[in-house]
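Some notes on the structure that comes next.
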Amino acid sequence: MKNKITKRMLLFRCGTIALLLLIAGLMFIVGRGHTVYFDNKKVSYDGKSIDTPPYRIDVYVNDERVAKLSAGDRGMCSWMGQDFRMRMEITKEKGGKKQIANVALKIPYNMDGIVLNLPALLAGFPQDGYLTEFVPAPAEVTAEDEEIVTDEFGLEGLDDGMEE
Amino acid sequence: MSNENATTKGNVLQTGQQKKKGNSLLNLLASNTVPIMFIIICAVCIPISGFSPAYLINEILTRMGRNTFLILALLIPIMAGMGLNFGMTLGAMAAEIGLIFVSDWQIYGIPGMVLAMIISIPISMLLGLICGKILNAAKGREMVASYIISFFINGIYQLIVLYMMGSIIPIKHTTVKLPRGYGIRNTVSLLNMRQKLDDLLAINVKGVKIPVATFIVIGLLCLFIVWFRKTKLGQDMRAVGQDMEVARDAGIDVERTRIISILMSTVIAGFGMVIYLQNMGNLSTYSSHSQIGMFAIAALLVGGASVDKASIGNVFLGVTLFHLMFIVAPSAGAKITGDSMIGEYFRVFVSYAVITIALIMYETKKRREKSQMAELLAAEQEADA
Amino acid sequence: MEETKTKTFRDRIASFVESFGVPRLIIAGFLLALFIAAPFVGADLPTQISNTINRFCWNGILVLAMVPMVHSGCGLNFGLPLGIISGLLGATLSIELGFTGALSFFAAIVISTPFALILGAGYGWLLNKIKGGEMMIATYVGFSSVSFMCMMWLLLPYHSPNMVWGLSGKGLRTTISLEGYYNQALSGFLRIQIGNFSIPTGALLFFAFMAFCMWAFLHTKTGTAMTAVGSNPSFARAAGINVNKIRMLSVIMSTWLGAVGILVYEQGFGFIQLYMAPFYMALPAVSAILIGGASVNKATIMNVIIGTILFQGIVTMTPTVMNNVIHMDMSEVIRIIASQGMILYALTRKSEGGKS
Amino acid sequence: MSNEHTPLLEIRNIKKDFFGNQVLTDINFRLEEGQVLGFCGENGAGKSTLMKILFGMDVIRETGGYEGDILLNGQKVTFNSPFDAIAAGIGMVHQEFSLIPGFTATENILLDREPQKKSVISEIFGNRLNTLDRKEMSVRAEKAIDRMGVRIDPKMVVNEMPVGHKQFTEIARELSKDQLKLLILDEPTAVLTEKEAEALLDSIRGMASRGIAVIFITHRLHEILSVCDNVVVMRDGFVVKDVPAKDTNVEEITRWMVGRSVENAGSDSASVTDAGSDSRETIMKIEKLWVDMPGETVRNVNLEVKKGEILGIGGLAGQGKLGIPNGVMGLYEAGGKVTFDGKEIPLNSPRKCLDASLAFVSEDRRGVGLLLDESLEWNVAFPAMQIQNKFLKNYLGGLIKWRDEKAIHEVTQKYIDELQIRCTSSRQSAKELSGGNQQKVCLAKAFALEPKFLFVSEPTRGIDVGAKALVLNALKKFNRESGVTVVMISSELEELRQVCDRIAIVSGGKIAGILPAASPSEEFGMLMVSNVK
């Protein structure tokens, strides 16, 4: 009698589960992380090309400088969510004046790594022109299999042999 | 005749109680042996180790944020009379499974933590249910049983994580997966989650970082536990913990209540593990959980808790003293003996010794209570004569 | 009572399963399947069998060490590391004192004996103080003593160059080779070799001797008293037995057998493993005896033999056979699940007779 | 009594047997609202069984139910569990405390019936997450305590309470149930001081005046007379008397309780007794013995046992008769002085007693008496082997004492034949035997020791009639033929009178008196209740 599940309670329970699922779903979207790579490199797209990238670009994300890119450099940062915002300070040539550009763009949900070609972005290329998916170099996967250590002492690297 | 006898018995009982009160200071000392021992150890080691107070405070705050939630998970089974829940490891494993997924799905930061916690809930509940059922079958041997359960489920965890993930359960990223195509790597980086909760609302006071958000979360759990004690279920658990038979006669479903207590503990431990690992910043897939139970239990006992009694105060005192010892022991050990490993081993030894002593004290106390009646009778006989 | 005679076949099977225990049957069946499958997947059966026998000899005495404490009602000896530590002290001191060859093995046994007696007596005294909570406390006594010895291995003034760290010249190494000492001291004695099939006769004989001693002990007056104490301590007390003394004796025996057991293990394995190595050594021994059919308060020599063969059989067979069948080395995981599951199963059985 | 209106409770023709052992026969009585019914009878008279039936306890159902009807307000009721009985308005205070030690009186009074407040969380996870309404709890507890009429502190924690307050807490718990119509009190005054008992009687009168019917079970007969309307006396499973309390007195009730006329008792032992046992030499002298045996506490017992006699120790349950042999034999903590055969025997050491050729057959057959998992051979031979080195073969000059399986087998077989133990073989394990045969094994175990002095505690408890006679005869024979002094402890006075020469009655943990077996039953009865507390 005491623990009988009433209809009302069932409703509340379903509600809670739904709420949890909703939060989970929300976290999927809000928390989706991307690694954003910035290229300050030559680029050509659709016949147009930029051959001389700026001398230096400083990239600020959340008011924090995440990359200092000379021509030909690549930098990176992590970003959570799909609305990517950054500020760039561009120095066209050595000793030149700094230009500031604020950029906001949508990152496709299913891309883990995104390469942004900054010169192309600044030049106003269409999205395909400056945004490509980052594919990790296959060479990274070497045949060496790491040995699984299932028997470690755990906290702060004291090891003990578990069973024999 | 009977009148006389009865009243003398009453008197004896009273004098017995008075005697108890006289020894109260001694009792207080005796029942707090472990914390006092630890205060002494720390007092000796701190000056030798040569750490600055700011450094120590910083470290302790970090570790407090990291571990407290996990330790709090132990309180509920103690309340229900099931002893120290060595099976809290199960919750930790559930959390790790959640984190592996989150890490593979590339969900970052606090949303990642929340998601990992939500994933861990059903797994923790299932494991807690299994654990509770087994412990009900092993009444009177709960602690050994829960200890072995943690090993047993660890085997199943390995089966899932090492063989089924990547082959049956889809795992995409090579940063998580072993090069051979299935199984999870030894370490899974949680860099994108690292200290995200700790840094949220963090305050810096003279170089000491206070992880405010973490403490708020811990505070909420404390409030929950305080509130929980006032609920019907909490009351039932206390009743079951003190006398199963009486509780059963009064109509409380003892078995169910015990299962629920383990289940809650497992879920809380799962959350605690997520908090713990976000602070560490990486997950040792096959070992992070293995000693969690032991360290949490040792810390709780250092705080003056016993197998059948523990409070939130014990948790905070315990986590402070235990981790203070943990920080200073290696360096103090190295300074004294010239070997850095000595201190490392020393703190491991102390953790185990504390649990051993606490268990021994609990068992001897149980036996001492039994023999008190005989003393009373002998006293009464003298009073009669 | 008459019903027993008219039991049907199915009843008999059911009661057999009941008395043998489902998990035990699964494990035995699994091992049988491994043996049957072995030739088909290209595993060399003679090698496998000799491996199993070898490992049986290494571990047999450690499992035998469980028997006295189970008999006296102290439960499964999760505190076996204490005995192992005595053995390790004996082993290292024997080398330190300059014994070599097979002699060092017997020297090690002799030296470890006083340690085992003293530690066992202390441990027994403690277990008598905390009747009813033996197993949990035994576990932690084992852990504490292992971690305490970790410090001691570093601090004790050992000098033998074969054992200490080469650089600092002090502190024992984590593994010490027994080459030149008692490596294969027993196993090599009268070894029979037929192709890939070998029998470590000496080690087998040694185990048989120890098992016989244990069997004989259980048939003496004191052994009988020990069994009675385990079966019903109140009965034993009423019959004038000093229950605490008998329990203490059983703990000392268990500890000493643990010491000898680790030495036998080392002579087969070829190395002394120090520091955290003894940590979980109790668990395989505990699960082996349980797999062999023992319960928390009943165990026979037969349980030891069957259990060790089953357990070690699985340990040796699974890696090769499983690897060949599904190309995954799941042996470790299977071993953990099987052995821990077995312990859990035993713990959840209601122990009959007197409760201690 | 008018038959016009239906009484609150009516019991009709209740019968109950435990495996063919008839314990209740044709019980009939009725109880009106606001009436107090006193129940008395010796132990084993069937009071407890009747109350268990009335309260729907599981034991009754597990042992095959009962016959007859229980009518509540004229309606036939069947209780499948105590909870049904509680729901129907019956409350019971048991002899053992059923309280949570760390809870306050209030918490215990309202255990599992706490008033609660709903919250959002309880909507999701169920009512068990309602918070407790502490205010309402104390109001209700206060009310229940008021109804009881005895002041106890509702905030006091149970394990700090004096024993009496625990009892009152239990009563208040029953009174806090709104539906309560009938309250059963099973020896509630046993643990109370005189003053507290007085208060309780007042409170019973108060309850009755508020319309609650009370069934009051006690051994203190004057209490029954002072508070009850009617007295029901039971003996051997029958209601022997049901009379208004004002029409009777303590002597009369005692006679009814013990029953049986004086003439037919002590038939064959009487002849032995009249030889005047006083003239024989004392073999055991017990002085100032106290024993801490839970539920059977012994206080300051002095007793002399004569050589070669059979001494009976009787008394009501819980009065300490079992404590005496258990204390002397060292099984429970004891103090005092015991001299046997001129030598003092140290207490708390079973071994010393056995060495002095004492033997003991425990009342706790399964717990202390037997190795249930082992063979009969082990059970019979074990003590003799350990104490007297019998059944052993010596090797290496006595260094190795080897179990002599053959000798063990022979001695076991001998006793199997002698005592007619029914078993498949001497290797059968003890737990497979029936109660009577187990008891015989226990005797064989003691006989194998060839003692000079034998304590036998409750030798016939829970065994059938045939085995009973056999066991008693075996004891008698052992006494007469081997000249062994026997002290037999039993709750059944009749049995003691059949076998014993003298009978000591224990009451309130002390020897209330020693009488020859042929003394009239009333005298025993008076002794039994003399010190009851």
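Which chain is which? They are A, B, C and D, in the order written, and residues in each are numbered from 1.
Rule of thumb we're sticking to: contacts are C-beta pairs under 8 Å (C-beta built on N, C-alpha and C of every residue); 3 or more make two chains touch, one makes a residue touch a chain.
Keep in mind the model is a prediction, meaning the values are calculated, not measured.
The set of chains in contact with chain A as well as chain C comprises B, D. Comparing chain pairs B-C and A-D, the larger number of C-beta contacts belongs to B-C.
The most central chain, judged by C-alpha centres against the centre of all protein C-alpha atoms, is B. Chain B and chain C have centres, each the mean of its CA atoms, that are 31 Å apart. Once the centre of each chain is set as its mean CA position, chain A and chain D turn out to be 78 Å apart. Centres computed as Cα averages put chain B at a distance of 45 Å from chain D.
Rounded to whole angstrom, the centroid-to-centroid distance between chain C and chain D, based on C-alpha atoms, equals 47 Å. Counting partner chains per residue, chain D has residues 127-128 touching two or more of them.
The set of chain B residues touching two or more other chains comprises 158, 162, 345, 348. Touching of two or more other chains is recorded for residues 3, 150, 153, 158, 162 of chain A.
Touching chain C in their complex are the following residues of chain D: 329, 331, 350-351, 353-355, 360, 362, 364, 367-374, 378, 382-383, 385-387, 389, 392, 400-403, 424, 431. In the complex of the two chains, the chain D residues touching chain A come out as 123-124, 126-128. Every residue of chain B that touches chain C in the complex is listed here, in rising order: 134, 137-138, 140-141, 143-145, 147-149, 151-152, 154-156, 158-159, 162-163, 182, 337, 339, 341-342, 345-346, 348-349, 352-353, 355-356, 359-360, 362-364, 366-367.
Residues of chain A that touch chain D in their complex: 2-3, 5, 8-9, 12-13, 15-16. Residues 78, 126, 129-133, 135-137, 139-141, 143-144, 147-148, 150-151, 154-155, 171, 283, 328, 330, 332-333, 336-337, 340-341, 343-344, 347-348 of chain C touch chain B in their complex.
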